[in-house]
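Chains: A, B, C and D, in written order; residue numbering restarts at 1 for each.
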Amino acid sequence: MTVKVAINGYGTIGKRVADAVTAQDDMEIVGVVKRRPSFEAFDAVKNGYKFYAAAEEFIEGFRQEGIEPAGTLDDLLDIADIVVDCTPKKAGYKALYEKKGVKAIWQGGEKHDLTGLSFNSFSNYEDAIGADFARVVSCNTTGLCRTLWPLENEWGIENVLGVMIRRGADPWDSKKGPMNAIEPVLKVPSHHGPDVITVMEGLDIQTTAVAVPSTLMHLHSVVVKLKKNVPTQDVLDLWEKTSRVMFVEGKYGVKSTAQIMEIAKDSGRKRSDLFEIAVWKDGVHVVGDTLYYYQAIHQESDVIPENIDCIRAMCNIETDKWASVEKTNKALNLE
Amino acid sequence: MTVKVAINGYGTIGKRVADAVTAQDDMEIVGVVKRRPSFEAFDAVKNGYKFYAAAEEFIEGFRQEGIEPAGTLDDLLDIADIVVDCTPKKAGYKALYEKKGVKAIWQGGEKHDLTGLSFNSFSNYEDAIGADFARVVSCNTTGLCRTLWPLENEWGIENVLGVMIRRGADPWDSKKGPMNAIEPVLKVPSHHGPDVITVMEGLDIQTTAVAVPSTLMHLHSVVVKLKKNVPTQDVLDLWEKTSRVMFVEGKYGVKSTAQIMEIAKDSGRKRSDLFEIAVWKDGVHVVGDTLYYYQAIHQESDVIPENIDCIRAMCNIETDKWASVEKTNKALNLE
Amino acid sequence: MTVKVAINGYGTIGKRVADAVTAQDDMEIVGVVKRRPSFEAFDAVKNGYKFYAAAEEFIEGFRQEGIEPAGTLDDLLDIADIVVDCTPKKAGYKALYEKKGVKAIWQGGEKHDLTGLSFNSFSNYEDAIGADFARVVSCNTTGLCRTLWPLENEWGIENVLGVMIRRGADPWDSKKGPMNAIEPVLKVPSHHGPDVITVMEGLDIQTTAVAVPSTLMHLHSVVVKLKKNVPTQDVLDLWEKTSRVMFVEGKYGVKSTAQIMEIAKDSGRKRSDLFEIAVWKDGVHVVGDTLYYYQAIHQESDVIPENIDCIRAMCNIETDKWASVEKTNKALNLE
Amino acid sequence: MTVKVAINGYGTIGKRVADAVTAQDDMEIVGVVKRRPSFEAFDAVKNGYKFYAAAEEFIEGFRQEGIEPAGTLDDLLDIADIVVDCTPKKAGYKALYEKKGVKAIWQGGEKHDLTGLSFNSFSNYEDAIGADFARVVSCNTTGLCRTLWPLENEWGIENVLGVMIRRGADPWDSKKGPMNAIEPVLKVPSHHGPDVITVMEGLDIQTTAVAVPSTLMHLHSVVVKLKKNVPTQDVLDLWEKTSRVMFVEGKYGVKSTAQIMEIAKDSGRKRSDLFEIAVWKDGVHVVGDTLYYYQAIHQESDVIPENIDCIRAMCNIETDKWASVEKTNKALNLE
């Protein structure tokens, strides 16, 4: 029997989770929810997803565009085991999910307090087993966990400083700036460090962040003081065998996030997504006990595998972390 | 028996033509050629294409990166019926192709004089039947032909003014500007108008062009004086049934080229390509005898179907224009 | 006796009008108005302008930052002859100005209907003499009038097509997009054409517009069908002697709006403003009776001289158009 | 008697040094040198600088554009006491300057080895007194010295980590990318750290760097481990009284480099330059012994005051560091 998954909010993350769920053999999409008949609603219909309106009042809007909803979110929750909430921040559906007795996953835009349980596959899969509510941490936090967790696990981390150079808007967004400016997050340390600690308890990490006029990916410049002196090659070997982390190299022409996205295009994955964190192999350097590296984060897709793992943990399909990771990876054709 | 196609230059256009040829049942890729082991060379190998070095001197470079070429361009030409030349402008291989007796197709970066025969599927398919050398016109010219040819064919065109707002660099390019400027092409009229005339003889068309800091698509603002007064709806109806032209609508949230590219991502095509020309349905307006419209051109992929048709015409696989167009469209899952 | 000018809204346009008024000998600033103590409020104080709060409720906000307003807008209107309203669109102060019996000028963001009188120095200075309310047309419309009016005046214009490639945000703005997209104005023809007609009655002009990711200047690609065949040189000669129009040349390295702004920096004007319209001399071409040209518009400053002229006309300081233009030009060090 | 200064290379830095020298009373410009008649050559002439061609072969080019050079670089060096070399990197004039017995200053694009003496006013003014050759360190290094030197001087620095988010191109540049990408400097630590050490010997500093699609300013995210625990306020107090460092605040709307440049425009300085380093006051935070801050660097102008001080030191006009700094500041209207 497969787990029945509802998607509330069929946008950047929602549509990707829907496709990723569909690629698994132990879960299925029973319906997706949207408010307005934007171009993405037509895409949902084309993809064969059962379409539900967010509420009664939105049904007429869809009908006018020739889309007949199968019902409302309320109806959908009656038949779902779990809902992946991909609505904008603070949309406030938690009480409804509780009332309907449906498990729910939120995304990293929400605060840790909403669920009290934040999730990252490597860091704390076990904590989510059987849970009713969880939050998959943000794309940036997920990216940090992917490379930091193996380091912590293998050698121990003294402390971390991460500077997040954030893309200013998503590729599909033509309304947000900055167009020609660099915008620092003046709250220092930024929220990214504390967010990592929600899934890697006790880690000593500080972060700062700036937004820049690029739409492609976030880039992290990370400095890690390790508890041991290890040669650069050992770090490369560790990440080489780490799942969901891939190397790119300047010497092959991968000079920036632009060429990484070109590699993603060539991969043939739907939407040219890059679920993996891309680390510049020739940008990894250990000086004494201090490791420097750059990684790039595909903000639209890196959390998708984690959403799948989280469903599996919460619905008790799989209690072994690595078994779920491997299953997800195989279904999504992941390194 | 399938036509044997070689690709010289496995970059933006070359890799796409290779995949498109592979999707057909009447032609096949016998080998692809590159100079240097960039990340795209690894992609070619992963895709299973037989890999050839551009010349003897480049073989060692590939070997050092673990790629063993099957030979050189010279060797490849011995077994190919036709070569699609996707090398940078003026690479100068024509004499070699002639010597080897291989047919050849060049791209729009080359001048008309190189072959004396420019090609666009709608406009002059017949001229290419059996030809030895042809040039598929540029992405912008192809885009103009796609929407202008039906107008000319149906009602006749008095004259055209096109203003091309060109993307400043391709998405994978992190070296070219302008970063924060608008750059006009001071040669007025620009080369785009005369280029359309190489395939739509006798058309009265003038064009101007500016480059802007965007990587996604070219956008054309086109004004056509028709020979007849026709209502806006008739133009929409004509393009609705025109192959390789699709509509997008501002009212569904498609406000800019960014959202068009998101639609391409959702389509699931490899590399999120958009072979079709996107016309804003709610941006088409006829005032008297004058038609105004905006169209967006995916500079990396719109000429791919035309390359396939051109191979078919030159190699005498198909003498009927629409039969080839339909065959190509079906294989590439095109509107 | 000098005319007493109030500035309501000390932002992009307001602060520039204030400085330009101060540079004249027949008018003076009696006070400037702002709502909030942003960095521009400190600048107003540093410049020695008397500072008024927009209303009672805003006074405390300024006090907390150490700025003591001289009163409120209401107080300021008691001592002003004319107010230049540079508040955001539809701020709705007209009734107050009427009640206070103060003349008022609005900017191009407002609609023609607000005043029934739109203003451009060249086109219709005379209409504003003694008027109570007027609207100085937008930066784009002003730019079009500067080059079109002399053509109409000298040879007559059959019709005009202007394609406006608009900067997406102002240089100081880090919130607005598009970051990497081209966004067409789907209403065709765009509002720019009709706006020109508010000051150049009877002109046959159509316009389309796109927004692009640049902050520096708008760029117009203009095509004018003249009533006479004239050689390109005659057009150059006409604009050479036209006030507030300057030439730039690609052959001297002025390839884009970026280099024009560098010229403005080198000029030494405050804020590196460019009050003139910049026309690419080597981008002007006449083909038969059709004139093609590109011009660039400094959206933050080109309307400043027109605001000064408009004050002069409305307050009956000067009834001769060219006398006012010359006076303004001299005070602002204009070509 | 005033020191006679020649400027070799009248571009971004050269024209600014020329104007800054002219603003002093103890030095004067005897001539400026250029290779080609670009728009900046006309500016030099308009500013009244004596104009020299880089060599005999370039004279004709200027004459054709109506500029009559006063001679060649060679002639100019005969009458100059010191030359400020603002030519592109590795232009190779050193031997000529030596032969002519003229002192010379290079800019930060050159390597330390060229002169063996790198210069920053705060850090090592004394070392340059009477020197023949010196290099004023780059805009980024100058920016780091401005804020780090007072910290080192007051409390001592344990170590520094600086992440430089670099503007991808200068505002006047429409040829360089990245247009929509983030490009890391893969050499880690980057060259910026070692460059600081050329003027602040013994400092423990590491840096990484990325280039982003903005033209306005560099932004540094800096983390300093101090030798003492000091409250945030003490750091603010220290920088408040530090010359050539200014505060900006997010709470007054200065959210990004865009608004800082607007402040520079409002200041009325020629070219809207910002000679000072801008530190976000509400982005300065001390956690334990670790200080976090963001600063923005106007890459086109922050080294100008240092060039003036360097001339004074090398030509023995002033042996007291702070006396020169104060003199320069006063002449340039600097905080």
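By our rule, a contact is a pair of C-beta atoms (placed from the backbone, for glycine too) under 8 Å apart; a residue touches a chain by one contact, two chains touch by 3 or more.
These numbers were taken from a predicted model, which means no experiment stands behind them.
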Practice task
Any chance you could name the chains that touch chain A and chain C both?
Solution key: B, D
Exercise for the section: Would you kindly state whether over half or under half of the residue numbers at the chain C/chain D interface are used by both copies, giving same or different? Expected result: same
Practice task
Report the inter-chain centroid distance for chain A and chain D in whole angstrom, where each centroid is the mean of the CA atoms.
Solution key: 42
Handout entry: Inter-centroid spacing, chain B versus chain A (mean Cα positions, whole Å)
Key = 35
Exercise for the section: Would you kindly tell me how far, in whole Å, the mean C-alpha position of chain D lies from that of chain B? Expected result: 47
Exercise for the section: Among the residues of chain D, pick out those that touch two or more other chains and give their numbers. Expected result: 171, 173-175, 178-181, 183, 213-216, 255-259
Problem - Contact footprint of chain A on chain D as seen in their complex - result: 161, 163, 165, 167, 178, 180-184, 186, 188-189, 206, 208, 210-217, 219, 221, 223, 250, 255-259, 280, 282-285, 287, 290, 292-294, 296
Handout entry: Parts of chain D lying in touch with chain B, wherever the complex brings them together
Key = 168-169, 171, 173-181, 183, 213-215
Handout entry: List of chain B residues in touch with chain A within their complex
Key = 15, 37-40, 42-43, 65, 171-175, 179-180, 215, 248-249, 252-259, 261-263, 265-266, 268, 270-272
